[in-house]
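Multiple structures are listed underneath, in C-alpha cells.
What follows is a pair of complexes built around chain A, which joins chain B in one and chain C in the other.
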Partner chain A sequence: MAAPTAGRLAALGRRLAAPARAWLPGLTQVRWSRYDPSYLEPEVNKELYRKPLEELSEEEKMQQELKALQPIKATPSNVTSSVFSDPTISKFTNMMMKGGNKVLARSIVTQTLETIKRKQIEKYHQASEEERESIECNPYIIFHQALKNCQPIIGLCNIQKGGKTYQVPSPLKDNRKRFLAMKWLITECREHKHHRTFMHEKLSQELLQAFNNEGPVIKRKHDMHKMAEANRAYAHYRWW
Partner chain B sequence: MAAAVRRVLRASRGWSAALRAPEAPRAQTLRLICTTTAVQKRNIAASGPEKYTEAFIKNQIEEFNLGKRHLANMMGEDPETFTQEDVDKAIAYLFPSGLFEKRARPIMKHPTEIFPKQRAIQWGEDHRPFHFLFYTGKQSFYSLMHDIYGKLLDIQKYQDHLRGQGLLAENRKQINLIGSRWLIKEELEEMLVEKLSDHDYSMCIQLLERLVTLPCCGIEEEYVLKFRKELAIQLKKVVIEPLQYDDQGVAFSTGEGKRKTSRASAVVYDNGSGKITVNGVDYLCYFPVMQDREQLMFPFQFLDRLGKHDMVCTVSGGGRSSQAGAIRLASARALCSFITENEVEFMRQAGLLTADPRIRERKKPGQEGARRKFTWKKR
Partner chain C sequence: MLRSVKGVICQGPKLDSGYFLHASARAWLSAAVNQDAQIPAEKPRAVFRTNESNPANHAEQHEGQHYSIPLQEVKVVFPHGLPYRFQMQMKTFNESCLMVRKPALELLGYLKSTNLAHPAIRYVIYGEKGTGKTMTLCHAIHYCAKQDWLVLHIPDAHVWVKNCRELMQSSYNKERFDQPLEASTWLKNFKTSNDHFLKEIKTQQTYMWSKRESTEKGRPLGEVVEQGLTRVKNASDAVGVVLKELKQQCPLGAFRLLVAVDGINALWGQTTLRKKDKSAVSPEELTLVHNLRKMVVNDWNGGAIVTTLSQTGSLFKPRSAYLPHELLGKEGFDTLDPFIPIRVSNYSQREFESCYQYYLDRKWLQHDRARTEEGRKELLFLSNSNPWQLERISAYL
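Then we have the complex of A and B:
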C-alpha cells in the first residue's frame, strides 16, 4: 500500500514537524530543515531515467507516478551526475575538511588517488607476467576495498549499571561502520605522520596497506573486535 | 444587590453587549444579568444562539455581490468578469493603507470567508438536542466514525455474500488512491465544523485506511473520495518559456536562478561548442575550483548536451559556491525550452529545477552564533 502510506507519511510528517509539545523547554526541536517534510530526495543517476517504459516493473511504475506528485529537494553542490562523483569520496573529503577549506581537502584526496595509481602502475611494470593480473590499478576500487576492510563488525557501547560504566558489545549500523573506518584512517594519518611527509603520501600508504589487510588501521579494527570478545560477558546488559 | 447590578449596567453600557438583543432600540433597556464566569465559558459544540443568522449571511452575500458590481463600475471594468483579485487590487488602490499588519488593512471578501462557518442551534424549543450523540460533545466526529464503520461492515457483508457464491476472486474492486492525499486535520475540521484533537484525526484516518484495504471497497468509492484531496502534478508548476531566435537565426533561451544571496541570469544558445562566459570572463578563469565548474556542467551533462550549447551568464552576490549554484539553476531553467517534457520531469526529479531554500541561519541572542553557545562556566 505505497499510495496511502505515502500520503499518510506526508500528513503525519506535517503533524510531527510541529507537535503539540514543541513548547516544552526540554524538548525544543534542534534538527529542522528549510524544506517541507513532503519534499523527496533527488535521484541523480542517469541510468535510471534511461530505462524505457516496458522494462519497468509494476512497483517502479507506481513509484514513478507517486514521484510525479511530490516536490523534490535541490541537489547539493558536491553531487553531480557525472561518473567522477562518488558519494563515499565526497563523504571522505568532508571528513578531511578543516575549517570549511573544501578546496584543500579535495586536492588532498585527488592527490591521494593519483599517488595510489602511480604506485600501483610502478608495481605493475616491475612485476612478472603472472603477478600482473592480480595487481589492481584502479584507485577507486582500492579506496572502496580498503575502507570496507577497515569497517568493524561489532562495536562497544557505554552502558551505566549500578554506578559503573561497562563497555558492552553491540551491533553497529552501516553508517556508523563507514564513519568509524574513515575516522580511524584520518586520525591515523594525522597523528602518526612525520611532519615532513605530505598527507596524500601517508594516506596512499595507509590505503594500500588496508587494501592488503595489514597496517595500523586494520590493527585498530582487530583491537576493537578483541575488546568486544573480551567483554562478551556483559552482552546481556544491552536491552535493545 | 439587584439594584447595584442595575446601576453597574446603566453606567457601563458597552459591557456584555453581545447578550443584548440586536434589534433593541437606543433607549436604555436594562436586563438583569446575574451570570458567573463558569457559566459563560461554554463548550463550543454546545454554543447557544448563533451569532449570525442565515438571513443575515444571505443579506451580506447580496450586499457583497452588489458592492462588487459598483466597484467594477467605479474602476471602469466589466462587472461580469470582475474576479476577486481585481477586487483586492481595486480596494488597495482606493483605500491605500500604510499599516504593516496585512490583516488590519481594508479587505472586501466573500462573506463565507469573513464570517466563520457555524452550526445552527442543536436543540429544539423543548431544549432537547436533535442529534443522539449531542452529549458526547463531538457529535459530528462520532457520527462520522459511526458512518464509516457502518460502511465497512456493509462492505464486509457484501464480501461474505460474494464469497458464499464463490465470486469473490473476480469481483475485486479497489479504489485508486494515487494522485490524492487524505484531508489534513484542518480540512477535516472545516468539513465537520467542529474542533478535533490529533488523536481523533489519526483514529479517523486509520479507520479510512482500514476500509481502503478491503478487496471490495470500490462500492464505497465516492464516499471515500470525499476525504481525499487531489494532489497537483508537480511538473505543471514548472513554467517552460518558448524558444526565442536572434538575428542569425540561432535559437536561444534565458533563465534566472538564485542560491543564498546570489542572483544569476543565463542565456543558452543552440549550435554551440560548449563555451561558457561568466560576467564577460571565461568560466575557467572565473571558477578556478573544479567543484564549481562541475556544477556549471551538471545540467548539460545530465541531458548529454555537453558540447552542443553556448552559454553567456551574469551573476552577482554571494560567494563562489552559491554563484555556481545560481548559474546551475538558471541554465537548467533555460535548457527546459530545448528539451521534451519527459526530460524536464527527469531534470526535476534529479533536483536541478528546485531553488535551494537553505540560507544562513541567524544569530540568536544569548548565544555566540546560530548554534554555538557561550562557554559554560560553572561559577
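Then we have the complex of A and C:
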C-alpha cells in the first residue's frame, strides 16, 4: 500500500508544482472526483504511524510533512484499520453483493470461511499423524490459493476484421484475471448448483475443489486456455 | 426476604441417607464413561484446562478453566439442551469443553447445600444476550446428573409457544390445546436421560388413555412414557401425567428432582399460535405450558428448580430486555417470587484469556494475525468480552 501511494504522491507533487488543470480540451473525464487534485489519499495502516522518526527515509519524511499541511480525502466506509482486513475478500464480497445488500454478502462470505474451516478441522482431527501436516486448515490461505488456481493465464478478445469477428488470444491484465476467477466462481455457484442449498455451502465446496485443482471452475479455465491454443493462428490479428 | 431464604439454604444439612436408587443408577454413568477413550495422561496440562471432570469438585481455583465431558456422557446427559453452536463446536473439535465460571460455582454451592425437607428453591439465571446463561444451566444439570438426581430438563420453553404445526383440542379438557409433536420429542429425550429412574418409579393411580388403553396403578412410569410415544395423540397428556407423578412422589424421598427450564419467560408471555377462528392462544390454554407452570410453583420439596430467562427465542420482547421484571411480566414475576437471581455477565479478563487460549489450542483461530497481540486486542474490542460474539467472530477468523 505504501509504495504505490508514494509513487502517486510523487506524481501529485510534480503536478502541484505546475498549475493544476483537471480539464484539458479534447479529453473527457470518465471517472471524476469531487475532490480537488490537491487532496491526499488516507493512510489506514497503523504500522506506518508507529514507526519512530529515525527509521523514516527522506521520501517518507516528505510525505509526513505533506500530510500535515494538505487536506486528506475521507476514508470510504469499507476501508478499516483492522488487522484482519483483506482487500481480496472485500472485492469478493462486493462482487457477491446484489442490490447493495452488503450485510447479506458479507454474512455469506464469513459463513463460507467458517464452513471451510470446519470441514478442514474435522478432517484434521480424524486424520493420522502423517496426513495432518498436509491438511491446510486456514480458510484464508485456501481462499487465496483457490482464486490463484482459477485465474486464466491467457484470454480471448473479439477483433473484427473483414466483416467477421475473430476470437483472438491476448494477454490479460492482473485485475482482469482476478475478476474473471471471482466471477466464474460466483456464477458457477449461482447457476449450476441446486437452488435449495445454501450459498455458503456451495461456495465452500467450490473453493475446496479449486484449491485441489479440480472442479468445474478449473475446467472452465482450461477450456479458455484450449480455445486460445486453438485460435493461435489468429494471434497476429492483435495489434497491441 | 431473599437474604433469609439464602440463610436457610446455607444452614441446611448435607445430603446423605436413604436414596436406594443410587447404586443401580450410578452404574450407567460410570459404564458410559468407561466406554469413551480418555485423554492420554502424558498430554501437558495447559493453564486454560483442568483435568477435574466432576462438577462436584469444581472450586474457585478452577475458575476460568475448561473441563471436558466425555462424549458418551454428553449423549446421555444432554440429549437436548446444548445450544446449537456449541453442538457444532463439539462436532468440529471432537470434544466437549465447558468453562467453569463464577455464577455456575455459586449455583453449584447452593445446590450442594439444599435442604430437601424445605420447599424447592427457585433459581433464575439472567443476563444480557450471549453471556452464558444456558451453559451455566447445563453445568448445573451435569452436576445433578453426576449426583444422581432426576433431571427434568426443558431445553427451550419458547419452542412450545411458537411454530406449532399441529395444534389439536385436548381430549382431557375441552378448553386446552395439545401439541403432539413437541410433547413426543420431549418424551423421547426425557427417556434417554432418565431411563433407569423410569423403571423404578411407580404410578400412584390408574390413567385411562381411551376406552381400551389404560395404565394401571403401580406400573412403572416408563409405561406412561411409552404410551405417549406410541400414541402421539396422548403425548401431551402423558407429559402432564409424568410431571404430576414426579411432583407427588419427590417429597417422599425416593429421589431428588431437578426441574431445569431454559427460557422460562415463555410460560407467561404471548404465543404466536392461533385458533381456527384466528384469535390468539394464550399460554395457559396449552396443556404443556399449564402443566409446566404447576411444576415451577414451590409447593413441593426434595429438589430444586433452576430456570433461565431468555430474550433470544422470546416473542414480542425487545432485544435490550434482560431483567426478570421486563421478561417475565407481572404475572410471571409474581408466580416465581421469591426466587434467587443469579446474574451472568460477559467474560472477565482471565476468562477471555482462557477462551482465547482454548481456541488457539484447538486451532480454531486460524488467521495468522489472530495470534499476535494486535489481533488479541482487536478480538477483545470487537466482541466486548461477550462469549457469543467472541465465538461468532473467531468462527470466520
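In this section, the second predicted complex is superposed on the first by the 196 of 240 C-alpha atoms of A that agree within 3 Å, B and C clash if a C-alpha of one lies under 4 Å from a C-alpha of the other, contacts with A are read in each partner's own complex, and residues count from 1 in each chain.
Convention: a contact is a pair of C-beta atoms (placed from the backbone, for glycine too) under 8 Å apart; a residue touches a chain by one contact, two chains touch by 3 or more.
Since this is a predicted model, take the numbers as computed values, not measurements.
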Which superposed partner A:Pro139 touches (first chain B, second chain C, both, neither): second
First, second, both or neither for A:His125, with chain B first and chain C second: second
Touched partner set for A:Ser82, first chain B, second chain C, both or neither: both
Touched partner set for A:Ile159, first chain B, second chain C, both or neither: neither
Contacts of A:Arg34 with chain B and chain C, given as first, second, both or neither: first
Touched partner set for A:Lys102, first chain B, second chain C, both or neither: first
Contacts of A:Lys73 with chain B and chain C, given as first, second, both or neither: first
Partner chain(s) touched by A:Met227 [first = chain B, second = chain C, both, neither]: neither
Touching partner for A:Lys117 - first (chain B), second (chain C), both, neither: second
Comparing the two partners chain B and chain C, which touches a greater set of residues in chain A: B
Contact residues common to both interfaces of chain A (with chain B and with chain C): 82, 84
Chain A partner contacts - residues on chain C that touch it in the complex: 88, 91-94, 362-364, 366-370, 372, 374-375, 378, 395-397
Residues on chain B engaged by chain A in the complex (per definition of touch): 177-182, 184-185, 198, 205, 209, 212-213, 231-235, 289-291, 294-295, 297-298, 301-302, 321, 324-325, 329, 345-346, 348-352, 354-359
Contact set on chain A toward chain C in their complex: 82-84, 110-111, 113-114, 117-118, 121-122, 124-126, 137-140
Chain A - residues contacting chain B, complex: 1, 3-4, 7-8, 10-11, 14-15, 20, 34-35, 42-44, 46, 49, 62, 65-75, 77-78, 80-82, 84-85, 102-103, 106
